[in-house]
Every structure is written in structure tokens, then in C-alpha cells.
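The structure follows.
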């Protein structure tokens, strides 16, 4: 197993684990907020517009942590500087 | 076991773990939101339309974290740049 | 496996785990705060403006911990001083 | 694998784990405090100013633990005395 | 791998884990205390001054456990007697 192969194997495994782990917290946090939003709409239907707006702006911020993981994952697969260095030799 | 085989083995294992881990949080979060939606509709039947609409838009955002994992998993299987590099040599 | 490869493999794996682990706490904390905010708006609709403002300033502080992880992750990939030292030899 | 490589590998892995682990507790603690603050504002709107001020001074103290981790992480990457000693030989 | 390298590797890993693990408990404890303080201010607004004073003196003591970890971490990096002994030989 030569140098290139080691870097490729590490990048593949790391890219998968990054988004795999990172999406767990994000999905659970969003699910919790969504559940509470539905309960709040049922409790106070007149405020449905305010609740829905706050929900989606807030979920966008929670989603951002999953997007960070996705970005790192894509970089490790398609713009990996270590791999480029290895193959350009 | 030569270089190509190592990259193939790592890609296969990583593709499986990525979507396997990533779907846990997404499924639990959506299940929780859906359970709360049904409870809220029972509590406030007049708001069923608003609750259902909010539920599905929100679930689409939770689902997105699982879709990120699916995309990474598909890339590792069908558009793996490390594998392409190895086999083009 | 020579020196460069070891540093590259360690950097790739570390960059992935850093943002993967770091985003879990951040997403769960933000999800909890968002859920409580929606509940509070339903309970006290007159204070929706104050609650929303406090929510987003607070979420920015929670988000900052995920951003620290993202910064370290990017540094390990693109501005890694150990890798630069190795390749400049 | 020579001396320099060992120190570089250890520094990279340690820098990532430090901020990755350190940000989990900080984000969860801040999320909990923020959730309670929003609940308290809904319960006692007249005290919103006092609650908000206490919240942000307190969150700055919780954030400080994440900043300690970030500082150690940066020192291990950019001002590592062991690495400097190794490369200056 | 000679003597110096072993000491350097152990110091780097230990310094990172020390502050990384040590800050989790501290941040969670402070977050919990802060949440309760905000709840208490909402419940008894007239005592806000007393509650706030007690909160910050108490948080300074909780913070001290994170500071101990930070100090040990800094000593391991910058004033490590084992490393000084090794390099002065």
C-alpha cells in the first residue's frame, strides 16, 4: 500500500464519518424544535404566523451546523489538498 | 491486496456507515415531530391545515440532513475521485 | 508510508472528526433553545419581539462554538503548518 | 517515521479533539441557559432587561471554556514549542 | 523514536485532552446554574440583585475548575520540566 492509497483511504472514511456524525445532532435539534412549534400552533393558533417565521429562521441556523459538516465532507472528497499534492508528484 | 482494492474496500464501508449513521438522527427527529403533529391536530382540529403545512415544510428541512448523507454516500460509490484516479493509471 | 503521508492521513481524519463532533453539541443546544422560544411565544404573544431578538443573539453565541470547530477544521486542511513544513523540505 | 512526524501527527490529532470535545459541553450549557431565559421572559416580561443582561454576562463566562479549548488548539497548531524544537535542530 | 519524541508526543496529547475533557463539566454546570438563576429572577424579581451577585460569585468558582485544566494544559506545553530535562542533556 503506497502513499496515495493511504491518503485516499483516510479521506474516504473521514468524509463519510464527518457528515454521518454531524447530521445526527442537527436532525435531532430540528425535530425537537419542529415538534414544539406544532404544539405551540395548536395552543395559540392566532400566533401561527410568528411561530412559523421564527421556526424557519431558527432551523436555518441549526441546519448551518450540518452544512459545515457537508462542506468539510465535500472538500475532503473533491478538493483535498493532500491528495492533490500526492498525485502531482 | 493491492492499492485499488484498499480504496474500494474503504469506499464501500464508508458509504454504508455514512447513510447508516446519518439516518438515525433524521428518522428520530421526524418521528418526534410527526407524533407531536398528530397530538396537536387532536387537540385543535380547526388548525389541522396550518399544522399539516408547517409539519411538511419542517420535515423537508429535517430530511435535508439525511439527503446530505445520501449524496455523500452516492458520491463515494459512483463518483469517487480517488477510485477514478487509481483505475485510470 | 513516509513522513508526509502520516501527516496527511492524521490531518484528514482530524479535520473530519473536529467538525463532526463539534457540531453535535451546538445543534442540540440551538434546537433546545429554539423549541423553548416557540413555546414562549405561544405563552406570551405580546413579548414575541423581545423573545425573538434574545433568541437570535443567543443562538449566535451558541453557533460560535461550531464556528471555532469549523475554523480549526479548515486550518488543518488548507493552512496546516506541519504539512507545509514537510512539503517544503 | 522520524521524530518530527510523530510530533506533527500527535499535534494535529490533539488540536482537533481538543476543540471538538470542548465545544460540546459549552454549546449544550449555553443552549440550556438560553432556553430558560426565553421561558423566564415569557413568564415575567417586566424583567426582560434584567434577564437578558444576566443571560449574556453568564453566557460569556460559559463561552470562556470553549475559548480556552480554542486557544490550546491554536497553540498546538501554530505555536507548538515541541515542534519548533524539533525543526530547529 | 527516541526519548525526546515520546515525551513530546505524550505532552501534546495530554495537553489537548486535559482542557478538552475538563471544560465539558464546567460548561454544563455553569449552564445549569445560569438557567436556574434566570428562572429565579422571573419568579422573584425583587431579589434580582441578590440572585445575580450569588450567581456570578458561584460561577467564578465553577469556572475555576476549567481554569485549573487550562493552567495544567499550558504548563504541559510551555513549562514542561520533563521536556526541559531531556533537551538540556
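Annotations
Order as written gives the chain letters A, B, C, D and E; numbering starts at 1 within each chain.
One rule holds in what follows: contacts are C-beta pairs under 8 Å (C-beta built on N, C-alpha and C of every residue); 3 or more make two chains touch, one makes a residue touch a chain.
Not measured: the values here are computed from a predicted model.
Think of each touching pair as a link: the shortest run of links from subunit D to subunit E has 1 of them. Comparing the residue numbers each copy contributes, subunit C and subunit D share less than half of them at their mutual interface. Distance between subunit A and subunit D, defined via averaged C-alpha coordinates, is recorded as 20 Å.
A separation of 10 Å divides the Cα centre of subunit A from that of subunit C. Per-chain CA centroids place subunit B at a distance of 29 Å from subunit D. Touching of two or more other chains is recorded for residues 1, 11, 13, 15, 17, 19-21, 24-26, 28-32, 35-37, 39, 41, 43, 55, 59, 66, 69, 73 of subunit D.
Those chain pairs judged to touch are A-B, A-C, C-D, D-E.
The residues of subunit C lying in touch with subunit A in their complex are 1-2, 4-5, 8-9, 11-13, 15-17, 19-21, 23-32, 34-39, 41-43, 45, 48, 52, 55-56, 59, 63, 66, 69-70, 73-74, 77-78, 83, 87. Only residues 1, 3, 6-7, 10-11, 13-15, 17-22, 24-26, 28-33, 35-37, 39-41, 43-44, 46-47, 50-51, 54-55, 57-59, 61-62, 64-66, 68-69, 71-73, 75-76, 80-82, 85-86 of subunit D touch subunit E when the two sit together in their complex.
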